[in-house]
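When the chains are written out, they are named A, B, C, D, E, F, G, H, I, J, K and L in that same order, and each has its own residue count from 1.
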């Protein structure tokens, strides 16, 4: 048997959505062990003075819990 | 780039929904730094012996992660 | 074992949403025994001639059935 | 026969959700004729430095179109 | 207090989804003042004779209304 | 590249739903140029004194924006 | 203030969906007083031996409760 | 033509979800005639002092109305 | 025990939605054995030059699999 | 790169939901190669003369396509 | 007033869904105090070489926060 | 009249989501004639040992059925 947790994170990138996703995964794998994957839940574009200021993604990240945690 | 987490909390107030929301935010900002906002996900009324015993809200709270956390 | 029923009611108040909810619960507990709670499903504002005429809520009310009913 | 349009607006109030709803309706009825009602679609709390800075609602407003518009 | 409107637009690009999003935002900010952001609602691929002919996105764009508008 | 807008309208007919849809499209094409299509979002029956008084449909209408608009 | 109940009914007609809706409303208004309207929730076609045997609709019917009920 | 009603019930069992479903159906068929079936809408586990105290299911039960009811 | 498959088809008719549904069912029963029924998932109106060019429905069709297939 | 298909099947068992799921998977793996898994979409109980006649599940089954298929 | 958190966990069992749920609750109550309950969000069957390898559930677990935490 | 089918496929790419979409469409148009388009239903990131191993998309592909098929 294995038990995992699902946690939601969001990330904003100035480059684009795929960059935001990659950054969010990099951040998640730095602090969480055994990340298995992530589901892309939402995407937003942030605009200021008529210019795109950021691409924001919300991800639901799944990571397996270890036995003695 | 910035990365944030989204966590769900619920609160019950005897006063009403807006009080429950305010209490939940107060609790969240006491233990979480950099809370940005919250989305009201669900509302329930709890009843006992024909009387309202509590107003319960579920909130999805977003807070920005700091770089070295 | 216990069995409950869920029924949907709506109420309109001229005061506001919390008043409509309170009225709806008062009405439900007057005719239904063992009301446990209610989930706020929808909220609408009714407008006439540029003025708010009512705040309407839809609630899903749960009440426990008694054994011999 | 009658034809209506549905448009989504959002409003932010420092007081609370019901104030935000009332303000949004007041704004809508000032620029749109024959507003019939509004459905409360979403609610968000905006937080800054650990304090609530605004209550935001999204409403879907319905208004009847006049014949020669 | 501030009031905003939400409007849905779609855009088709031959390049890809991010290009379609960028074009849609560019178009929106040209005709609408004070655009705050956009939520990516839907994505479709259009195919003809076995070849991709377009990448289509639907966006819900939010823009703040000015006081005297 | 092409950009389109999506707007929601509703129509009430005394005849039936298909008539309401046809009327709504007729109204939309009279005031909006380049209507491409519509998605049927919701249907309601309106009743008064035990008789059906109207069939109401909500449509999301898509129309292509012209270049210089 | 007024309080209403919402109840779900379904009807099957051999003629078509609009006939099923009309029959369902006729049935609802015969046993329920003060029916205000109905929302069309779902539609199904029933098939047997390669032939359509029925058109089935599910409706959520709203009716106003009287004061002393 | 036939007309049916849909009503939501919930049941709690200490044994498990299938037992809760069976109990709910048994209860429904005892008080309602002509039950046709039920859709499993939601499942919850109730916990107290670190132990499972109940398995709760919500069902939407459909039963055919008889002609003279 | 019986096992069935669910497949989604869409049909466009120039006459109306009920005609499109009937045509889709006729097509499904010609190529699939043991069709049991269909759920109406979506409806769209297709418009060209200000005129309705087609009524489109999406159906989820269920058909029972035979033992040796 | 790998490409998979998702297909929906339903199964009815007289024993219970887990039996229906197991039967559906057994049937799917007999006719489809490389089944990866299935998502439980819906559950229904079928009732006749006040007795449960079947437990029905709808599954979305994913299976990997082989290169030359 | 009380404040609770909601967190999503998943568990895989080789036995069946109820076993997976029981295991997930056991794991949750071992590391979280004051678990109140859990909502069954999703169920998946995992298949390998034509055999079921695991039953996976996703649960949203609610646990009450203590005052000084 | 025309009848189309909708089928769901998924594809995994090591490059990114747009590559996965393009590959899925290429695969679909190789085995299915008259593909009209596809709706992007879901996106997942697959992670292993702290590294992204694949970008997975689920698409609902629509293709027109020919008369004598």
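Please note the rule applied: a residue touches a chain if its C-beta (ideal position, glycine included) is under 8 Å from a C-beta of that chain, and two chains touch if they have at least 3 such contacts.
The shown structure was predicted, so the numbers you read here are calculated from the model rather than taken from an experiment.
Asks: Among E-F, C-D or B-D, where does the G-H interface recur, judging by over half of the contact pairs matching in residue number?
Replies: E-F
Asks: Once you find the CA centre of subunit B and the CA centre of subunit E, what distance in Å lies between them?
Replies: 32
Asks: Would you mind pulling out the distance in Å between where the CA atoms of subunit C average out and where those of subunit E do?
Replies: About 39 Å, centre to centre.
Asks: What whole-number Å value describes the gap between the mean CA coordinates of subunit B and subunit I?
Replies: Chain centroid spacing, subunit B to subunit I, equals 45 Å.
Asks: Using mean CA coordinates as chain centres, what's the gap between subunit A and subunit E in Å?
Replies: Whole-Å distance between the two chain centres: 23.
Asks: Taking each residue of subunit I in turn, which ones touch at least two of the other chains?
Replies: Touching at least two other chains: 7, 18.
Asks: Got a list of which chains touch which?
Replies: A-B, A-E, A-K, A-L, B-C, B-D, B-K, C-D, C-G, C-H, D-E, D-F, E-F, E-L, F-G, F-I, G-H, G-I, H-J, H-K, I-J, I-L, J-K, J-L
Asks: Please name which positions on subunit G make contact with subunit C in the complex.
Replies: Those residues of subunit G that touch subunit C are 1-7, 60, 62, 65, 69.
Asks: Looking at the complex, which residues from subunit K come into contact with subunit H?
Replies: So the residues of subunit K in touch with subunit H come to 18, 21-22, 25, 29, 35-40, 59.
Asks: Residue numbers of subunit K touching subunit A in their complex, please.
Replies: On the subunit K side, the touching residues are 7-14, 20, 23-24, 27, 31, 58.
Asks: How about subunit H: which of its residues touch subunit K in the complex?
Replies: It is residues 16-18, 42-47, 50-52 of subunit H that touch subunit K.
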